[in-house]
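These notes open a run of structures that come right after.
In the two complexes below, chain A is the common chain; its partner is chain B in one and chain C in the other.
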Partner chain A sequence: MADMIYRVNMATMSFKIEDVPADWMGLGGRGLTSVIVASEVDPECHPLGPNNKMVFAPGLLSGTSAANSGRNSLGAKSPLTGGIKESNVGGTLAGIMAKLGVKALIIEGIPEDDSTFYHIHVSKNHVKIEAVPNLVGKDNYFVLDAMEKKYNKKVAVMTIARPGEMKMLVSNISVRDPKGKLRSYGRGGLGAVMGSKKIKCITIDAENYKEVTYANSDKFKEASKIFTKSLKDNPISGEGMPAFGTNVLVNIINEAGALPSRNFRTGNSENAEKICGETMAENIKARNGSTTHGCHAGCVIQCSQTYNDKDGNYLTSGFEYEMIWAFGANLGIDNLDTIAAIDALMDDLGLDAIEMGVCLGLAVDAGILKYGDGEEAFRLIKDEVPNGTPIGRILGAGTGYLGKLYGLVRVPVVKNQSIPAYEPRAIKGQGVTFVTTPMGADHTAGYAVGSNILNVGGTVDPLKKDGQIELSRNLQIASAAIDSTGMCLFIAFSAIDDPVCLPALIDMLNARFGTTLTGDDVTNLGKMILKTERAFNIKAGLTSADDRMPEFMKYETLPPHNVTWDFTNEEIDEFWNF
Partner chain B sequence: MNQRINITLKLFAQYREGNFKVEQRVCKSGTTPQDIIDELGITKHLPLGILMVNAKHENEKYVLQEGDTLSLFPKVGGG
Partner chain C sequence: MADMIYRVNMATMSFKIEDVPADWMGLGGRGLTSVIVASEVDPECHPLGPNNKMVFAPGLLSGTSAANSGRNSLGAKSPLTGGIKESNVGGTLAGIMAKLGVKALIIEGIPEDDSTFYHIHVSKNHVKIEAVPNLVGKDNYFVLDAMEKKYNKKVAVMTIARPGEMKMLVSNISVRDPKGKLRSYGRGGLGAVMGSKKIKCITIDAENYKEVTYANSDKFKEASKIFTKSLKDNPISGEGMPAFGTNVLVNIINEAGALPSRNFRTGNSENAEKICGETMAENIKARNGSTTHGCHAGCVIQCSQTYNDKDGNYLTSGFEYEMIWAFGANLGIDNLDTIAAIDALMDDLGLDAIEMGVCLGLAVDAGILKYGDGEEAFRLIKDEVPNGTPIGRILGAGTGYLGKLYGLVRVPVVKNQSIPAYEPRAIKGQGVTFVTTPMGADHTAGYAVGSNILNVGGTVDPLKKDGQIELSRNLQIASAAIDSTGMCLFIAFSAIDDPVCLPALIDMLNARFGTTLTGDDVTNLGKMILKTERAFNIKAGLTSADDRMPEFMKYETLPPHNVTWDFTNEEIDEFWNF
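== the complex of A and B ==
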């Protein structure tokens, strides 16, 4: 049976199942969510009002046997940036949605009776909406347990915790992973959008789905084999990432003088050795954890891990570089176990690790806590934020608003979204991505750290402006296309370095759908997505003046390289000439 | 030409296994990163990914200077 669009209206508490319009047919993941948001959501709408929509879509290859194809996209207007947002996540969701034949799940409207929260259950040809007063005020793991009991261990679950119910801009949406832990649609305050629609959780039936079909399954298998081998043979995705996770970056970025520390005051952290991937891997080994874990079935890279405490008890998983950077280098907590405990707490509370971490880094400047005080950071996140106390509300609004409320100037945001983990003055290509992506400061939108620092996909001097605009543009086009396939972005290390990887990916798309796509078609898809997103943002009121770095980075030099953000506006605006 | 120079040598990721994290060294002037890589034998199993001197990318033929910090990484990545 053909894939369908499932449309849920929270105002009328009803659903419709629709055919896929012809011009959405060839799209999936980010391509589909951005096109739907752009065509159905009024760019001027209030992101938390009745006219915003949430659009969930699995990638084009999700549900297939292709390695690393289990990412699911969520699109909406972001209450944090005021622009379009696409956020994607692993977990079991994408595969289950695709196998159920759900091309996209669109949720619109706001319930008239907003005295409670609702649970949406999607199954074959059916959507059930019911009030769940017993889940109101509960956090993610409680909801996960309740859903596993109600259905089974396989059911796909998306949920918000208390901060999402309170529509805080640091709130995210959490998704169940294969081990019953959580991954998240991290950025852009999408938990607040779900909260505004009074949706506590969404489950997708995993019992009655059909396997996806292939136009040519032999060709698919052949291409899939080549693709998997390429990922496994690559030194980064095959060895480095499984051994150290993404946190291997702490030492590299620190050595390069680009690890933002003390709220972006220097490019080196005195804590690097204590919080780095090598130290983390040592702890994991000594405590019987595991350095390898996939955020979804079919991941052959396994950058995730299980991190135990000193007594060998589970502490957290999905312990990422950006999280560890935010709390370890930028906020100054020099103990990995403390950071891990905060990570686990934020998983349960559904908080964006980057937005919350950068916000607390700025809160030091505001005098709210002291640099390096992990105990107080933990307390603020545990007791103030989810209880909606006045200070909890202030921190829960994210870095940009905290800066305004306290009259601070050194506020590291672009389009009101916190800058993550890579100092733009010292990794200029990444800075170009931060200012130009329609998403607000987002490292995954075009990962120039690859050629600027890691010698992947060529080398471009991170401290010079030369070649950076073009680099970021090419990466953003490629990333938008990859985000549409359901592939995890970490396939890029192989896609860039191994000439057989990308053709194999395109062969898989063609064998799945019976199409004759070429590399050019994929590039054009990426361009179309970026332009669609940009056009939405312009109508929403974001202009070139929003494609800018915070001013302090233009006049304050960053040690150790003593560099500033020195692109002119004209140079940056060149980005959109394609 | 038998002047000596002091350098700091830092190893990362898998290169640390069986080696060290950081070491102060005295070497002959004219020493290059390649000389040090050869002596350590670290690239036998894992090719060199990133070479930095004083926080900047350099190549294996760079001539080390008094007080330099040399950092060596295998191919690693994240995001």
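== the complex of A and C ==
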């Protein structure tokens, strides 16, 4: 049976199941969410008003047996950036949606009765919407437990906690992973959009539905084997990441002088040794944790982990470089266990680790807390943010607005979204991605760290401007395409360095759909996505003046390399000439 | 001696006195500040960073004997709107600057030693900058007293209070008026810009300097007489405003169904009778106050007043319609004395009455206070805002950011600046001004209330779209020109309805400078100013998408007329086709 569009209207509390329009047929993941948002959402609408929509879509290869194909995309107008947003997540969701034949789930409108929150349950040919007053004011794990009891079977679960209910811009949307833990649509404040629609949770039930179909099953298997082997053979995705997780980067980026520390005042952290991936791996081994864990079925990279406390009790999982950097280097907390405890807390509360961490780093400048005070950071996140106290509201709105409220100038955001764990002055290619991607500062949009630092896909001097615009452009085009396949972005290390990887990926797409796509088609898909997103942003009121680094990085030199952000506006604006 | 440009650099703690460039020679007030800001300030700079500038300039006729010519302009990039800002003020400043021969005072840079605040004293051919640690943390009247003691003579004084020191966006810059009370550069958060430059106060001393010179003194006197008579003969500027002040508008706008009430939910206030100009005038008379008072020497309209409490003790002055509306109708306080006490408090603290009032109206939606709770409003403004508590920081950032922090959709701002006391849905011409002026929602930028409601300058149906774009455009062009002369905008009632008024104004300009300006020249000046401001804003990243009413006004009908904001984007964008 053909895939269908499931459309839910929260204003009328009704649903429709529609055929997939021809224009959307060849799209999935980010390609599909961005095209739908651009065609159906008024770019000038209030992102928390009745005219914004949420569009969920599994990738083109999600639900298949392809390795690492379990990413699901969510598109909407972001209340944080004011532009279009695509965020994607692992967990069990993408596979279940794809197997159920849901090409996209579109949620529109806002309930007239906004006195409570609702639960949306999607099953074959049906959507049920019911009020869940008993879940109001509860956090993510409570909802997960409630859904497990309710269904007594594996359903995909998406949920928001109290910050999402309160429409805070640091709130994300959490998704159940195969071990019953949480992954998240992290960035852009999409939890607030779900909160604005009064949706507490969404469950998707694919019971009794089969694997997706293949136009040519044998060819798919053949390509899939090559693809999997390529990922496993790659030194980063096959060795470094399983061993140390994404946190392998702390030492590497610190040595490069590009680990933003103390609210982006230096590129080195005195805490690096204490918080790095090697230390983390030692702790995990000594405490009977696990260094490997996949966020979705079929993951062969297994960059996630289980991190236990000193007594061997579970503390957190999905303990990532960005989280550890934000709290460890940028906020100066030198105790990995404290950071892990905050990580677990933020999972339950559904908070964007980057936005919350960078915000707290800036909060030091505002006099709200002190560097390295993990106890106070924990308290602010536990007691203030989810209770919506005044200080909780301030921190819950993210870095940009904290800066506005306190008259601060050194505010590390692009398009009002916090800059991730790579100092743009010292990894200039990554900086180009931060300023130009339609998503606001986003490290996944075009990972120039690869060739700037990791010697993946060539070598580009991270401290020089030469070649960085073109590099970032090519990476962003490729990433937009990869984000449409449902593939985890970490396949990119292999895709860039191993000549058999990308052809195998394209072969899988063709074997799944009976198409004859070439590498050029994939590139053109990536270009189309970027241009569609950029066009939405322009209509929403963003301009080249939003493709800019915070001004202080232009006149303040960053130790240890004593570099500034020295691109001219004209050089940056060249990015969009393609 | 020719007028000069005084330029102060806070980074180097130095000053220069420069000849006036030929391009600036014919400009004054808003025309001059906007041209200087556009030519010297990077539109992309952080408004609170080292690259913003403050430009003060008296009007072309300031310092002369012309009636109502005492307005002084201040230009900068606004930290509230992100665009260019011109704000003008009465008080003794414009006359003193003009007599001293200061064509413009430009302040740039930020001190390296930002541990204290500074006092800038401008006198003939000299600028003195000194640290004033004893004034840090003090409010406006304390500074006024200190300056009076220090100089023992009449100097012009500009000052910020604690909110300005803290770079809050509701903070304005206060200016001493002839009676030792305060007027203010009210809007756009310019107090925060002064705070960012660590300037506590500026004094200007014109002692022993003479009246400005005239190319033809007799012609000036002749034109001045005609002009003054015209203002006095006009029923609004000659009768209504002296009798009831600007607050005469409460009943008029309420009857028109356009008095925004309870955060712009209805066009009628149940409090109108209790807070209107007529009630205010009765109180003033019964309590030995004064209904007339000019904010600057030479004012013949005298719309200001002295408002005493029940015991006849001074309570406040400069008690304006916008203030009374914001707290009386929009926040629902029905006691004029309470509003007067808040007004006096806000004078001392240097807060923009519109931004603060509208923000508190929205704060009801955020659950921060209740409608009509004047006591709590007073407490929030007195104890929370100037102490920079978390809730004080939230309210101190103004309406737009309060909306962001609390996920609110019904947020009455344009370009992040609060909408003043005229419901755009019910006075559509005024709404066109709110969305199109480069200043952010501003009632003075093009006062379409005149012909929409007051039958001044023709009659246009306020509930219909017909003719409103052209009306607002013409008014904005005229207002930009008037704002360059140093004239109070209230001369407009006469200028529009009395055929001798505007020619007399032009005659005064020509007699002062020996020029041969025509009406067309004045119109072209207005057009040039608007286009210069718009061009700055475009470069700063504002677009047509910022020329929009809050979305809720498009789908929510306003009682009693049950009207929406029904202009299409294309209709609004037509505004700039001139």
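A few remarks follow.
By definition in this document, the second predicted complex is superposed on the first by the 576 of 578 C-alpha atoms of A that agree within 3 Å, B and C clash if a C-alpha of one lies under 4 Å from a C-alpha of the other, contacts with A are read in each partner's own complex, and residues count from 1 in each chain.
One rule holds for everything that comes next: contacts are C-beta pairs under 8 Å (C-beta built on N, C-alpha and C of every residue); 3 or more make two chains touch, one makes a residue touch a chain.
What you are looking at is a predicted structure, and each value in this text was computed from that prediction instead of being measured.
Shared-chain residue A:Leu349: touches no atom of chain B or chain C. Of the two partner chains, chain B is the only one touched by A:Thr459; chain C is not. Once chain A of one complex is fitted onto chain A of the other, the partner contacts of A:Leu105 are absent, as it touches neither chain B nor chain C.
Of the two partner chains placed by the overlay, only chain B lies in contact with A:His443; chain C stays clear of it.
Within the superposed three-chain model, A:Leu502 lies out of touch with both chain B and chain C [touch as defined at top].
Residues of chain A that lie in the contact sets of both chain B and chain C are absent, per the superposition on chain A. Here chain C touches chain A in the complex through residues 43-46, 48-51, 79, 166-169, 192, 195-196, 389-391, 393-394, 396-397, 401, 404-409, 538-546, 548, 550-552, 555, 569, going by the rule given at the top. Residues 10, 12-14, 16, 21, 46-47, 49-50, 52, 55-57, 71, 73-79 of chain B are the ones touching chain A in the complex. Looking at the complex, you find that chain A touches chain B at residues 235-237, 239-241, 243-249, 251-252, 255-257, 273, 277-278, 303, 321, 443-444, 447, 449-450, 453-456, 459, 461-463, 489-490, 493, 560-561.
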